[in-house]
Amino acid sequence: MPPPYPPPERDVVVSFRDRGFKYGDAVFDTSRTFHGKLFKLEAHVDRLFRSLRYLRIELGLSRGEVVEITDDVLGRNRHLLGPEEDYWVSQRVSRGADALDGAPATGPTVIVECTPLPLKARARLFRDGITLVIPSVRRTPPDSLSPNAKTDNYLNMIMGDLEVTSHDPAAWALLLDSRGFLSEGMGSNLFVVRDGALFTPKRQQVLPGVSRGVVIELAQKLGIAVAEDDLNPYDAYTADEAFVTSTSLCICPARSLNGAKFGDGTIPGPVTQRLTEAYRELVQCDFVAQHLRHLQ
Amino acid sequence: MPPPYPPPERDVVVSFRDRGFKYGDAVFDTSRTFHGKLFKLEAHVDRLFRSLRYLRIELGLSRGEVVEITDDVLGRNRHLLGPEEDYWVSQRVSRGADALDGAPATGPTVIVECTPLPLKARARLFRDGITLVIPSVRRTPPDSLSPNAKTDNYLNMIMGDLEVTSHDPAAWALLLDSRGFLSEGMGSNLFVVRDGALFTPKRQQVLPGVSRGVVIELAQKLGIAVAEDDLNPYDAYTADEAFVTSTSLCICPARSLNGAKFGDGTIPGPVTQRLTEAYRELVQCDFVAQHLRHLQ
Amino acid sequence: MPPPYPPPERDVVVSFRDRGFKYGDAVFDTSRTFHGKLFKLEAHVDRLFRSLRYLRIELGLSRGEVVEITDDVLGRNRHLLGPEEDYWVSQRVSRGADALDGAPATGPTVIVECTPLPLKARARLFRDGITLVIPSVRRTPPDSLSPNAKTDNYLNMIMGDLEVTSHDPAAWALLLDSRGFLSEGMGSNLFVVRDGALFTPKRQQVLPGVSRGVVIELAQKLGIAVAEDDLNPYDAYTADEAFVTSTSLCICPARSLNGAKFGDGTIPGPVTQRLTEAYRELVQCDFVAQHLRHLQ
Amino acid sequence: MPPPYPPPERDVVVSFRDRGFKYGDAVFDTSRTFHGKLFKLEAHVDRLFRSLRYLRIELGLSRGEVVEITDDVLGRNRHLLGPEEDYWVSQRVSRGADALDGAPATGPTVIVECTPLPLKARARLFRDGITLVIPSVRRTPPDSLSPNAKTDNYLNMIMGDLEVTSHDPAAWALLLDSRGFLSEGMGSNLFVVRDGALFTPKRQQVLPGVSRGVVIELAQKLGIAVAEDDLNPYDAYTADEAFVTSTSLCICPARSLNGAKFGDGTIPGPVTQRLTEAYRELVQCDFVAQHLRHLQ
Amino acid sequence: MPPPYPPPERDVVVSFRDRGFKYGDAVFDTSRTFHGKLFKLEAHVDRLFRSLRYLRIELGLSRGEVVEITDDVLGRNRHLLGPEEDYWVSQRVSRGADALDGAPATGPTVIVECTPLPLKARARLFRDGITLVIPSVRRTPPDSLSPNAKTDNYLNMIMGDLEVTSHDPAAWALLLDSRGFLSEGMGSNLFVVRDGALFTPKRQQVLPGVSRGVVIELAQKLGIAVAEDDLNPYDAYTADEAFVTSTSLCICPARSLNGAKFGDGTIPGPVTQRLTEAYRELVQCDFVAQHLRHLQ
Amino acid sequence: MPPPYPPPERDVVVSFRDRGFKYGDAVFDTSRTFHGKLFKLEAHVDRLFRSLRYLRIELGLSRGEVVEITDDVLGRNRHLLGPEEDYWVSQRVSRGADALDGAPATGPTVIVECTPLPLKARARLFRDGITLVIPSVRRTPPDSLSPNAKTDNYLNMIMGDLEVTSHDPAAWALLLDSRGFLSEGMGSNLFVVRDGALFTPKRQQVLPGVSRGVVIELAQKLGIAVAEDDLNPYDAYTADEAFVTSTSLCICPARSLNGAKFGDGTIPGPVTQRLTEAYRELVQCDFVAQHLRHLQ
């Protein structure tokens, strides 16, 4: 009898010899669903393929096949979602295991999986805004490992998070790049608002988030000026508002940086609010309400 | 019926949710055996504990327990070794899997395993010397992620190897640190010899290899001057000899840097040879012959 | 009737046009008393003169005259000290006010003053150890402004303190230098202990504290190895003990770095304790007890 | 009898314990008058408030109150201006004095003051052009202390000035930023002209001068292309013209850089001249003539 | 009898005391002919004069005179060209020889010369694409020596070429700038194509090639978006196409970077092809065919 | 009739196609005579061979042959020396000319030549001390081109000299390295004296001068502490004395740095004087008197 497809989650395991486990020699990408439907899957798969190309991992599947498999995995798991719930859906590709004497190299390991969004754990962020703290750890410079590729080497980010959560378990690390400008957090991009215009760190030093791209496009449609630029901490300390974009949160207000509130402390600020509304309309899902209902 | 202990290798697997697999959020250390006996295990376990401390992973085992488990795993696998063979013996510790809604965090994943040394694949290195090439990728700077900790984030090194093996599959990458000085390769430390004295990159920018420490001690005993210092590529281009240290190779001559031979091209050079002999005596194993016999 | 000499503290004021006030264009140095007697005054005055030289401020007084004035000011204020109290005694020299049309430049402003040591506020540090946190702000690089001179430009340090005290009002900032190595805090030098040896950041990136020099000398006398070296955060995270030196505290144990305890958390650690005892003997004053009695 | 308000200048003093005097822990901003009337006061006060925010000094006054006080101080001093004279009008805010045992912290020190413009001393600059020299001192990098905030820590700039005036007392220092690009001088921004277009260093590395902003706007109105960009020294050496903007000088031609004349040496160059005329018209004051008349 | 003018090539020699020979203290610029006629000579002479200005070499000739001499030298050598051949035509200006005791400084050495284009040696590049490899050597930073000036100090570039040709004699070095972004090769600029748009490194870090400028203009005319920007190696690894511009090659496709092919490996890619056609039309010469005919 | 050997100086010329002239693609080394006899020739030739190795130029002569040729050239020119005069004797090796179509590459160009020391021009330096000025140009970093090799690429140094001589034609440039520490001047190494001990920049960032090595050895013999270390400008500003070493000057006092005198301005300082005397004894020549007599 063949094993069930897809296998139950407990059977999705990798050898300890897998280079993904030994070296983080792997890439991944993650989309989310709105009302159970994937958003911008093609953009995420394109980025996955750029990450694979950067690491020279030969996947052996076309973009189309990856989309198809992803849709299939989602389809088989959708019935597990409760009402108002949604999924992160991820493709994970490692280079596989090296050859041992007498055993060939395995070729890439490929996993496609669904994880329910942590709506409850993050609900508070939409009410209070995210507490951002800059750790002393600097984002790995692009000539060591490109931040543009979404790889499994996250210790740089994790070291930043360990620093800031040791003081405040709810804080999010916002790293400076190796040149001292604001860059990004783990899975999140920063925007600051000043005099009605948006500023976000340049693509060279961050993972160019799909949600970041969505916000840039929405801003242009709304007539809000938006610039990708090098940002000093000063630019954030003196901003009127700030927010973070990520696949799951879409757009979420930030409350403070290093203990200093943004602007007058309104959560969300007016520009953040306009962009949130436009984002909700685009994805046809009130992701803010989806989180906030868990606070009651 | 309880599962066998230790389990067969094919059953040593980790969940795809393990942070070791998702983020390389893990550390490891590797000793080797000589004639089936572990060398400097305590030094390796000490370094493992420093790596754990750096990443703030709570292992829940004492140094002594890790030594004991390692000895036990080696003992149960020693019968699998052929004559003249030896093992790498590794401890691998990841932070485990994160909590999901309804499922707690798992605590650390711990694996202790044996892998036969690739004596055949590397035999050529002792005959010909290692072909070193400096890639354009720079070693991750210590303020992004410390090279002193032996973590599972190896993509920086792997990117360097991909560069240099694209030209010559047998080449080894020797990275410059972020300041432009010579640092290290994947699992290997560099020594250059000039006017009879040894020079090796400073501990701040490299993994301070146990074999590197052994060579420094041996040199001091032999009356060979040895300095840890910042080394320019010029220092390597104009060196009389060069060699590499690593756990498995102990000390292995290098042939060339970026296509330029070291010194007059003798493999090994005289200082390398003296140190090799002293190393052999210390470990009571002719690791050079152990490799070279595979060439016949 | 001439004004009293020295004037009462409320009359020691400077014009708002003084360059010390407008630009921080000034230097200072601070000694402390033990049982009302100044310690290492000459070393402090020498450093003051080096700071003056660096800024090209012509003081118009010899080293000897500065020592004499300092002794005089202390003598006239000593009667104000309570039992078990001691003073900080500082010389402050600004470049004075610029020339205005019709008014010449003023020449340097010189102030010598006494301030009671904040024994009560800092008593807790000796019991609990100092909580060190690395802010994201980097120490000003020496090619912008030398950390070797004790000037009135402290905003770099203050920005670091604002960051870390926003999370924990009792935390002390320990800055990284511009290259990412550990440097110093406001008025304090760092030492870490590993395997019984002392390590402290190199003099190029810090103010070479007089107390730091005392500890280096005491260690040498006690046969404790001591090295000035570039220190990675890793070196502190994996240290067995750490302590801070400063003029007032002399030597004070550190408890944690970025929320991670040093060693096994003993306050003070054994090497710190040995050095503390030697320091007490040298200055003939139990500065630890002097602080701790304020806890009762 | 209450003291006079405002007090005579000699009574405007600060305690030696004021953090503005001890640490340069203060900010300021300076506007100038044209024919006795303040220009762009709101823009200067906005910048002052951003500087305060960056340093987390709570002023306890609104922007409007600061404008009002400034107007009042100017009004009470305007009668002291001679014909054709004008004022610098500055707000200076320090964090005040720290708490001592038995004495609370003082809260911020606030001073608003008028200083006659040094028209005579600077008249020569409009006739001959400013002699710019790049010192070896580099502008403090933004991750140490932001150049965007106008603080009282000017020693970095002053060290640059000391270097260049040691060779030529009339020279102005133009610092490179920490990356080696042209940045700014003490209180002045640089513009270079090439092929009819303006280039000025990017806002991230300089104080974004109000006069700099005026020139950018005027250029846009006149159809002169203007770019904020990283500028190499090469860009200045090969420029056709160069000029400096500052609050008091508005726009003033530069003569040479490191001893090499700009363009063909015409003072002012044609683009500088067009912008000067537009500036004069905007402020309704011939600031060039105001200076030049002092040469006779 | 006066020596012939111009002299035969073997008589065009410089003293070993010439600073061009001793120090590379010289500049040059090179145009090429199409069908024997010079292209963009004025732009090249303008750049030559900027290089002279940067090095403060007084040529003693006007731009017009240099153009005239160049035309004259070309005219006297044109008859030596075979059919379908073309020339590089270069002006070379050194600072001349220093004064010795008893002998004055010589003033600048000026040479104008023609060299046949190496059509045969480079024909393969148009068929196969250029093999680009990033060496470990970094482009000299602009604050050490400006890459914007075309000087005779090429060792930085040559060191890069020595590295990459040691592995593959046909490879071209593409250097990273000191910040880790892509810069340029010896005499060549890089363009990458992504999603139909062109990207090329910023002018601050490269010699702003005349052919680079031509391609930017052609792209704008063809409606192809083009951006000067900082480019990570990632940007090249994930590009759809890449090409190089240089005076002689005009525009030539690149095949691979560090052994990884650009896009799907088509030589030339479609955007490269469109620009090549536009370039051919502009110069009225099929420079691709001119090279390719040498392959038969 | 064969041409005379060695040829008269006017016949020692190189083709304009020589890579030494076109690119500075060449190395050299220079010894000096004392009373007509070469000093430390072997050390200079060793350094020449290291420079050749770094640039991968195959000279085709052994060290011994180069020594022999050098001695021969000196021997044939010695009769031209006046009394009390001495020579610089240099070997210059370029890579030769590239292959052209129809003409092969030429192989290296080798020149050995004598130049009378500029005793008159430099006499003043021994009386007054050298005026050192730090230009804004930074020494080329070792990962761009090694300062350890003595190559013909001197524009970085020359740009520094152009800066400082534009203010004072007699000033010598002392460059900072790319990290902001003191490095070297054109053909000269720096030593500073503080509290009786010598400090000189580390070998990684400078040409390790033979005279520098001599001074280090002499100091050790005299019991003067000497350290190779990173030096801040502060270290020079606050030094008691400073001097420069070079092949021709041997050891020459420095007067000032950036206009600030060293120590109390005594020329030479006492430590400089002791070392000068030891140097004179070693070389059996009073090089100071040799210079000073030209002042009369």
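Here the chain labels run A, B, C, D, E and F in written order, and each chain numbers its own residues starting at 1.
To be clear about the criterion, contacts are C-beta pairs under 8 Å (C-beta built on N, C-alpha and C of every residue); 3 or more make two chains touch, one makes a residue touch a chain.
These numbers were taken from a predicted model, which means no experiment stands behind them.
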Listed pair (A-C, E-F or A-E) duplicating the D-E contact set, over half by residue number: A-E
Geometric centre distance via CA averages, chain D-chain A, whole Å: 43
Distance from the mean Cα position of chain B to that of chain A, given in whole angstrom: 33
Residues of chain B touching at least two other chains: 56, 136, 138, 141, 143, 162, 176, 179-180, 233, 260
Arrangement of touching chains [line / ring / star / complete / other]: other
Sites on chain E touched by chain F in the complex: 10, 12-16, 18, 20-26, 28, 55-56, 92, 94, 100-101, 111, 113, 115-116, 118, 120-121, 136-141, 143-145, 151-156, 158-159, 162, 178
Partner chain D, residues of chain A touching it in the complex: 176, 179-181, 229-235, 237-238, 260
Complex contact set, residues of chain C against chain F: 50, 53-54, 56, 141-143, 146, 148-149, 179, 202, 204
Chain D - residues contacting chain F, complex: 133-136, 138, 162-163, 166-168, 176, 180, 233, 258-260
